[in-house]
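After this come two complexes, each holding subunit A, first together with subunit B and then together with subunit C.
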Partner chain A sequence: MRILFSVLLVAFLSACAGTPPLRGTGDLALIIERASGHVTLANTSTRQPYARIGGLGDLSHASAVYSRDGRYAYVFGRDGALSKIDMLEGRMVKRIVQSGNAIGGSISQDGRIVVAQNYKPGGIKAFDAETLELLAEVPAEYAPGQFSKVVGLADSPGNKFVYALFDAGEIWVSDFSDPRRPVTQRFPAGQNPYDGLVTPDGRHFLAGLFGEDGVALLDLWQPEKGSRKILEKYGRGEEKLPVYKMPHLRGWSVAQGKAYLPAIGRHEVLVVDVATWKEVGRIPVRGQPVFVMARPDGRQVWVNFAFPDYGKVDVIDTLKGQVAHQLEPGKGILHMEFTPRGENVWLSARDDHKILIYNTENLTRIGEITADAPSGIFFSSRAQRIGF
Partner chain B sequence: MRILFSVLLVAFLSACAGTPPLRGTGDLALIIERASGHVTLANTSTRQPYARIGGLGDLSHASAVYSRDGRYAYVFGRDGALSKIDMLEGRMVKRIVQSGNAIGGSISQDGRIVVAQNYKPGGIKAFDAETLELLAEVPAEYAPGQFSKVVGLADSPGNKFVYALFDAGEIWVSDFSDPRRPVTQRFPAGQNPYDGLVTPDGRHFLAGLFGEDGVALLDLWQPEKGSRKILEKYGRGEEKLPVYKMPHLRGWSVAQGKAYLPAIGRHEVLVVDVATWKEVGRIPVRGQPVFVMARPDGRQVWVNFAFPDYGKVDVIDTLKGQVAHQLEPGKGILHMEFTPRGENVWLSARDDHKILIYNTENLTRIGEITADAPSGIFFSSRAQRIGF
Partner chain C sequence: MLSSALASEPPPQRQQELAHMVRQECGSCHGMSLQGGLGPALLPADLRDKPAEGLAATIYHGRPGTAMPPWQRFLTEAEAAWVVDRLLSGFPE
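And now, the complex of A and B:
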């Protein structure tokens, strides 16, 4: 009896101890380890990892969004898988393979609908955020039997999603007010939109064009006015440069009433006034920009680069309108993520197998986390933001 | 033995059951119940309360800020008390009385320093966010033996805090880079600054003036340029109106490159272009504005009013530049809080003893929560924002 009692005691205590510690979810991070199909979970206050999860499949070009409470991350894999991660229990809750070839996703304003954008078959699919049950799909069939790759998907207020069709040269807006019956509007964009962004207020969608110099712009508050083109022929009359990696567009790049956009193939960041949408400047940088990301307060814009300059990072001072700092933080800098109030930035150094953590004020390195060929870094504070 | 075993079994199970459920902290709310010294905790996803905590003292004009992980709320009471609330365990962790008479507080960019602003004795005090240990204080002694009330305290990047001195007519910036040795700069403001705001990017501090028509402006990126006055004499040549309640200024009121500010005593919202800081419009409303708050996407600005119009709420459409909706949601509408992506707004109806929850898209009421004379509503998403 005494032995049984002891055994039971240990069992009960273990059951209690097995409960993950209580913690807030406002300061969590998910790091994609692209080569091995793992994610590492970390804390942005302690700057330490706390869990590692495998079995996520092909994570090249993977991205993640968060549930509105910050507890769950939804990871979109290159192989069409959608994995739901419990950030508190440090485990995968569910995984579905929703397409053959996917390129990211988004979550609705009310947090109830997770949408994946797919290359093959081209289109978007909407899932219940709780169960991952398929709710609806919008095939990107722009002409009978013709399907386009979908890029640049972003959420917009009113449970809408906006995205571009690479092959069709169009921007589509799908309204999921009724999650099982989305209603889609179509707008012309231009030749081969390769990525898109929604401004941080959710009002404007911009699609970068690969087939021509320029950016397509749609005012989502006044869609009846249609899309228009800005930054037309920004490389006019100049020799075309080889493009080593397509740049990324995301809503982080708006600061102080200006948008900072990567010029395709050129060693420049284009500066656009968001009131007029006219180009107001160009800032020379040390390579072909990939990510151009504003610190949340807009004082700095950080830029990383395509091969062969992917060991460099340039930091633009937006007040001076020029590069103020040139860093060489590590090998293969693929991604950057700012803490929500901007005091730190995390950089993934793929070929150093590390996440590098910097104080943005004095540009000193204040920490690092080991990770296997890390690429994307996604903080839980994204749950609170429009356009991701 | 068998009885003992059963008793122990129950005890162990209770111990396990006593652990609060795992939950994310991204969608939590704290509601001030001013009359009875309570706070009610609620969830913005389920729109239901889940805990109620008493013993917080005098909560008239109380406000709250959040730890960077969203787990803890710091409540600043009118009686100078600072209470630390565990949002997961639903209990008060610690309470200190730090002054005789206080009026809100703020938390540093790195989340390590909680600062209270005090009327009596006038000044600010900085506390360790973990332990509430006093780290430093800055008495608002603007002339030998002369202390001012402090108002409008807001955080700014670089662990700085900005605030106005009502009696001194000054703006002070205290740098807590070394938390125990703050360094303070002083700037002239004008007659009787009554409240302040930092723009959402943390760059500009505005102090509304009560002793004269106008607003003092300080560019925190270029403090060497000093403060200047904007909106001077906005009520010029017109009869002074009695002021029933001082309006509040907070960083929510910036939308689409414009700041929407309450005119003191006047039935108007002033519109200012934040690029030039010139007045670009006035919007007539149905009373003396108290809070003028932009929905996070900036498409709407909601306005509540002082007595006798405090049962009304006007909703401005910022694209049209005019009031688009007039609501009469309840009695004694004291405060409004938007969900971080703007799909809902919570209103406190003090004299109805309810929190009213609206869908901002179609202005329908979608829920309510009973509370005892509720005033301030504070969502955990504030943890991620600059200038609160």
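And now, the complex of A and C:
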């Protein structure tokens, strides 16, 4: 027995000799390279890339969520593929094609269920986070034979997922307490919800509306009270400017008791008090806002824009309630991501083929990473946040 | 390739710009591979039964009441017709 143990010990030690040093997962980044089906993995402390993985398919509009330990990223591709990436080993662990056309996904509160939201066939599908085995699906069949595209999927406490139906104008809440038997509730939203968000405390779901001026609001603590509309008629009946790209909503919009939301067809950021859900201001900006993202401390809100103004970024000072800095960082700024405590922000400059890294305090560029037509940037710190 | 003999065909440099715009900007709704997203798919099989003039007008003027905006600030009517022609025959990378 003792001899066997010694042999095993030697085998174990020699196996260790080839392994890399231990490291944590708290400061890692995954960058989508949309045109070539690659992701680049980078370290946000050294601000250097450390791995590049290919074969992920059509990554236009791809997004990622993280396992609760931050080790695995789940990447949702436009072509319906779901890829599981090991952030430490820098390799793809598994890839399945789960639908014809997908638009993102989410992970449950307990980290065990990964849910994809699909355009075609419209609905959501739930997978075991470990194996990617299909657990259940909820087709977005809002009327007999009629399926809607699903947008705005977000996790909320209690292993629930909240999402909006673009074609049906509804908000659905699916409870996956029993992962194989989800129970779904339906609420009216309004015309053409384009995206949604869960507030950082997990209490409220907001769905931005494209087809009308307003935002649908659902209190997830009191769903029996039903959904209601806020910011109604914010356009005041004026003709809308053309929208060349749909804005994106996530819980990053909430800062200092206020939500900063993109207007649709107006070059403005709408400011809402999250205690009363009344509009308390609007801030003129230099284009159709796409991402309106608060720095984690809420002191600044960064705004990027739809084509053709996507070379610009406006930085709002939240004390003054106005744009304090106007930047022109590069060509085709598609996405922004803050380090967890907000000292840096990473911008993807698609047509410059670079990630640009800024110091948020003095707005100087402190680094860059080469990437092929980068779009989404996803930091592993998302693993610990509700609604990400 | 009768259509490529059209007098209104944009010069090569402009064709590249238009192709980039279709893949990247139109692609944010229709998908970079044009297989659809929030907007419908734009592959030859999806468009075959639709009149080309109507498709070009949709690009140029947009479609009120839907998410399709007018693109007339960024291309001419002749260029919209060229884009439709390319979409119908298989869009360049």
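The definition used in the following text is that the second predicted complex is superposed on the first by the 368 of 388 C-alpha atoms of A that agree within 3 Å, B and C clash if a C-alpha of one lies under 4 Å from a C-alpha of the other, contacts with A are read in each partner's own complex, and residues count from 1 in each chain.
Basically, a contact is a pair of C-beta atoms (placed from the backbone, for glycine too) under 8 Å apart; a residue touches a chain by one contact, two chains touch by 3 or more.
What you see is a predicted model, and the numbers here were worked out from it, not measured in a lab.
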Figure out whether A:Q48 sits in contact with subunit B (first) or subunit C (second), or with both, or with neither.
neither
So, A:D27: does it touch subunit B (first), subunit C (second), both, or neither?
first
First (subunit B), second (subunit C), both or neither touched by A:Y244
second
Quick one: classify A:Q322 as touching subunit B (first), subunit C (second), both or neither.
neither
May I ask you to decide whether A:R299 touches subunit B, subunit C, both, or neither, giving the answer as first, second, both or neither?
first
Looking at the overlay, what does A:G70 touch: subunit B (first), subunit C (second), both, or neither?
first
Once the shared chain is lined up, is A:G332 touching subunit B (first), subunit C (second), both, or neither of them?
second
Subunit A partner contacts - residues on subunit B that touch it in the complex:
1, 5, 8-9, 12-13, 15-16, 19-20, 22-27, 43-45, 66-72, 87-89, 109-111, 157-158, 201-203, 221-222, 255-257, 274-275, 296-299, 319, 340-343, 361, 380-381, 383-386
In their complex, what parts of subunit C are in touch with subunit A?
24-25, 27-29, 31-33, 35-38, 62, 67, 69-70, 73-74
Residues of subunit A touching subunit C in their complex?
34-35, 58, 60-61, 78-79, 101, 103, 119-120, 149, 151, 166, 192, 194, 210, 242-246, 307-308, 332, 350
